[in-house]
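Per-chain numbering from 1; labels A, B, C and D assigned in written order.
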Amino acid sequence: MFKKSYIDISGAKKKQAKFENEVTFSCPKCLTRITATEKMQNNDFCPKCSYYYVTSAWDRIHDVCDENSFEEWNAHIKSLNPLNFPNYEKKMIKAREETGLTEAIVTGRGSIGGYDVVLGAMDSRFMMGSMGSAVGEKISRAMEKAIQYSLPCIMFSSSGGARMQEGMLSLMQMAKTSASVGRLREAGLLYISILTHPTTGGVTASFASLADVIIAESGALVGFTGPRVIEQTTGHVLPPGFQRSEYLLKHGMVDLVQPRAEMRSLLIRLLNIHQGENYGEK
Amino acid sequence: MARNKFEFEEPYLLLESKLEDLKKLSEQLNTDFSEEINHIEKRLDQMMEERYKRLTPWEQVLLARDLDRPMTRDYIRLLCSDFIELHGDRVYGDDLAMVGGIGMMGGRAVTIIGHQKGRNTKENISHNFGMPRPEGYRKAYRLLKQAEKFGRPVLTFINTPGADPGIGAEERGQAWAISEMLCGLSSLRVPIISVVTGEGGSGGALALAVADRIVMLSNTVFSVISPESCASILMRDVKRADEMAGHLKMNAQALYEMRIVDEVIEEPARQYLLDSPDFVEKLKNTINNYLDELGSLEISKLLEQRYSRFRQIGQFLE
Amino acid sequence: MFKKSYIDISGAKKKQAKFENEVTFSCPKCLTRITATEKMQNNDFCPKCSYYYVTSAWDRIHDVCDENSFEEWNAHIKSLNPLNFPNYEKKMIKAREETGLTEAIVTGRGSIGGYDVVLGAMDSRFMMGSMGSAVGEKISRAMEKAIQYSLPCIMFSSSGGARMQEGMLSLMQMAKTSASVGRLREAGLLYISILTHPTTGGVTASFASLADVIIAESGALVGFTGPRVIEQTTGHVLPPGFQRSEYLLKHGMVDLVQPRAEMRSLLIRLLNIHQGENYGEK
Amino acid sequence: MARNKFEFEEPYLLLESKLEDLKKLSEQLNTDFSEEINHIEKRLDQMMEERYKRLTPWEQVLLARDLDRPMTRDYIRLLCSDFIELHGDRVYGDDLAMVGGIGMMGGRAVTIIGHQKGRNTKENISHNFGMPRPEGYRKAYRLLKQAEKFGRPVLTFINTPGADPGIGAEERGQAWAISEMLCGLSSLRVPIISVVTGEGGSGGALALAVADRIVMLSNTVFSVISPESCASILMRDVKRADEMAGHLKMNAQALYEMRIVDEVIEEPARQYLLDSPDFVEKLKNTINNYLDELGSLEISKLLEQRYSRFRQIGQFLE
């Protein structure tokens, strides 16, 4: 189905080695110190107070891709302020400065264990990973490229939902990206979605939940309506673990729950199983 | 059925009630001011009509949410000579916030799906205030696939505050149910026409709006988020919802100008819509003309057009 | 899609007239007397004690078909005793004598309000409407004929499940009839299933629940496992109305609950809506 | 792992324990009967092997139900160099009585689905004694459709007392979930091979058995109804289940003779199956040969053959 250069089943090990120079982090909430390895093994949550160290789009890409294999696409695409929404530009400039990104998603092409893939990773530091015109456009373009090159497509989600400052243009990105998944399906290509902490609203309810294989990162909060809104609207106390990965697994919504440290090796295994067609239409 | 409950109508209604007093008094005094009163009444009607043309975005939100508006079942009764409501998602339940079925519309078989609110508290509870749960979207999806099987065009009527925000809906995969609708509609091999008949609330509304043509009635809205939630998130002040309603560009005319919707059907002021022959005729013609037009296309062409319709939405700098 | 001779939307009235000669019945359980009209309006249940007056296959056919329009097919197909199961022949002979039927289903072609259809009706008086080789064969043949003539197919179910005296041959009729429904689907034909009292086991779990439109007759008990077995196995008391038509509607399993007296008019309306293709593939 | 718990084995086991006593006594007495004892032991083994060849249908039912038999996950470990279990029906839940996923089997990607019982009470409760609920069949259906999308052949492993007979399973449409499996498998555009590895209980087992080839292990059964239920319905005496097991012709050999199944793989007596290299080789070869054979067919031909396979089952007088 897609080009296979070489297989490196021991993929996960590469990443572990990387952390032997042991940078340490201090939790901004409870001050607990942890090493980079510990942080990754705990899926970027503080082991003591569950504070979430945000994982950047580039971290995710480097986590899973073969070294120097990733080539970014459409890095230049930027949101405008089509509704003249107050303070939107200011917020975007701030987000760009803080993250070094132009938008809440990075897309491109890379290889994972030797398998070429189209890859997207959202970054929740950029306006809560919200999806506006630019994010939607980058996703649809990436999927169309996957079709053009017959490559599998992998998307890491992390988003508060549609970006309200672009109004209906944002809402319509849900329809746009879902229609692009429809095209991926018609082309018979593999599409893997990885839900990371936190993913809610319009992203969960569009391209992120339409994949062939859906993986939730351990401990991630994933849902449609955010927990605070549910509590406020219904007046109910939410059960423990509500909307967390393990809860999604129990309720049948995801195929697998996987710790961040083992994501690369899982992807390699999935790509390996999907690499060839045994009994295509004759 | 006149709508008599919006704040902006109050000065006019006050004047109206004064005129009533005047009429009664004149009767008691056995005098005749009818000519003058008629004159004032006419002027008043005129003024209100004009006021309705200068509605603020927030006032349009209020009108869009009015429970006295026609709902999906009313439109079905209006349009179809025969209609059979079909129930259930075959998996978990039957969601009364989402109704659907098949019917005959002027010799044409159609599948119709729409949100359904209630008119009073009791009805509203059984219809869950028009907020579908996953089983509602799954029922709709099932009916869509049947429409495709039998080559029936699809009409959807949109009027919902949004998808149900409850624990059960999350448990049963609200996001999953909505995304399958978005993807399913985008490649459904029959024409689809959506009419926004009231409140188009976020993803819960969008799930019925991936269509070849989107029509909005003039006093309806469609938004990524409710102005209240928007104000409470961005301004930490829910009272600034009226302001947000303007910023969000959520009313019919604004969305027409943004080319998100294809057509806006003018609503008569202060009248139950389906009592207005002009409105009814316009609605019927619009739907039928679109069905004729779309029905003449080859399916591959129809799907190509539908894809590009949504594909090209968005403004960005390259 | 299929031949339409004439439309008779007032179809239900024909049947009501038929009952003006007012035969009366006496309930075998509580002795309450009711007229034929009352009996039909109450879907063949005794209004007092809920005793079920069994509706025969021919009653159902006459209820819905235009007069003299029904032509039976494969009336000669009879079950054998392939496993030499004790007492099976004896039971079949008794069932044949008591019902005048050769098997637990009658199939054929008829017209309903002028619409030609392929029709099958099970008869629960014949060994509890159980499905053995002969029943399965008649259903598959009927569906294949529907494909051959491009006609809609309508099946009235009423069955205790697969016929155990034919062992695995009976169980396999579930697979056989379901595969035939698969062919109906591929042919794009309308298939309507009407679930009548009682339908359980292998019939519910095969052709009867695979229809485009599923109608449950008012008050009918329909399920997979029978209520007595559920009570015995789980030790739970069953909730009121459990597995009845209205319960199935609430749980999303059927499109409509319809009283027997109005079945014909509903079928005519359904056939009318499905008569033509508006937007077939071009 | 020897199985030491069936009634028919008791006399042999008694003899075995007597021999043990004899051994110990001879040691105490410092004498050597080892030659004689060895001789008796050999004869005993032989007798038990022979006894296993003369199992009654009821004894085969007991063997088929043995919780020490390999289960689906054991076969997966045996056959696949890599396997990823996938979960959930995307609608309601994840059913542990039905496991499934994708894996590599000798360079070939496959989808495997099967019933899973537990080995002890705690495991059995979490696996619901191998009785799937509707969500189990819906998970399986989802995995099947994916196998079709990616052109992966499907293996199913059958070992269930039947579908779950509970209130919740009825509520969520047990019959609907099973019938969609039967219909879906009948037209699935990839080769399907089913192996009955234990108890093939009624519709709950059949839902995984609409296949191009059905293989049974020699001490397994497949039946329209459990012999106990059959006895209790027809004889009003559950104790006559053993008798019914014979009448129902439910054991592997009988079903092979009726041409319901394609092949019976001989089980070694008194041995954990996967410890027997002969058995393992035979199983692997059978599956691989069938996959090779079916994989060389055009899909339309494969579907035609699958349809006629089931279409022709049944005996009747015309």
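Just so we're on the same page, contacts are C-beta pairs under 8 Å (C-beta built on N, C-alpha and C of every residue); 3 or more make two chains touch, one makes a residue touch a chain.
Model, not experiment: these values are computed from the prediction.
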(message) I want to compare two interfaces, A-D and A-B. Which one has more contacting C-beta pairs?
(response) A-B
(message) Taking the mean of the C-alpha atoms as each chain's centre, how many Å separate chain A from chain C?
(response) 51
(message) Based only on mean CA positions, could you tell me how far chain B sits from chain C in angstrom?
(response) 41
(message) Using Cα averages as centroids, what's the distance between chain A and chain B in whole Å?
(response) 34
(request) Name the residues of chain A that each touch 2 or more other chains. (result) 185, 251-253
(message) For chain D, give me the residues that contact two or more of the other chains.
(response) 90-92, 172-173, 176
(request) Provide the full list of chain pairs in touch. (result) A-B, A-D, B-C, B-D, C-D
(message) Using the touch definition from the top, list the residues of chain A that touch chain B in their complex.
(response) 76-80, 82-83, 85-87, 132-134, 136-137, 140, 162-164, 166-176, 178-183, 185-186, 201-202, 204-210, 223-225, 229-230, 233-234, 236, 238-239, 242-243, 251-253
(request) Under the touch definition given earlier, write down the residues of chain D that touch chain C in their complex. (result) 163, 165-167, 169-176, 178-180, 182-183, 186-187, 202-203, 206, 209-210, 222-225, 229-230, 233-234, 247-250, 255, 258, 260, 306-307, 310-311, 313-318
(request) Can you check the complex and tell me which residues of chain D touch chain B? (result) 90-92, 134, 138, 172-173, 176
(request) Give every residue of chain D touching chain A within the complex, in rising order. (result) 82, 84-94, 102-104, 108-109, 135, 139, 146, 149-153, 189-191, 295, 298-299
(message) Under the definition above, what is the set of chain A residues touching chain D in their complex?
(response) 185, 188, 190, 212-213, 249-256, 266, 269-270, 272-282
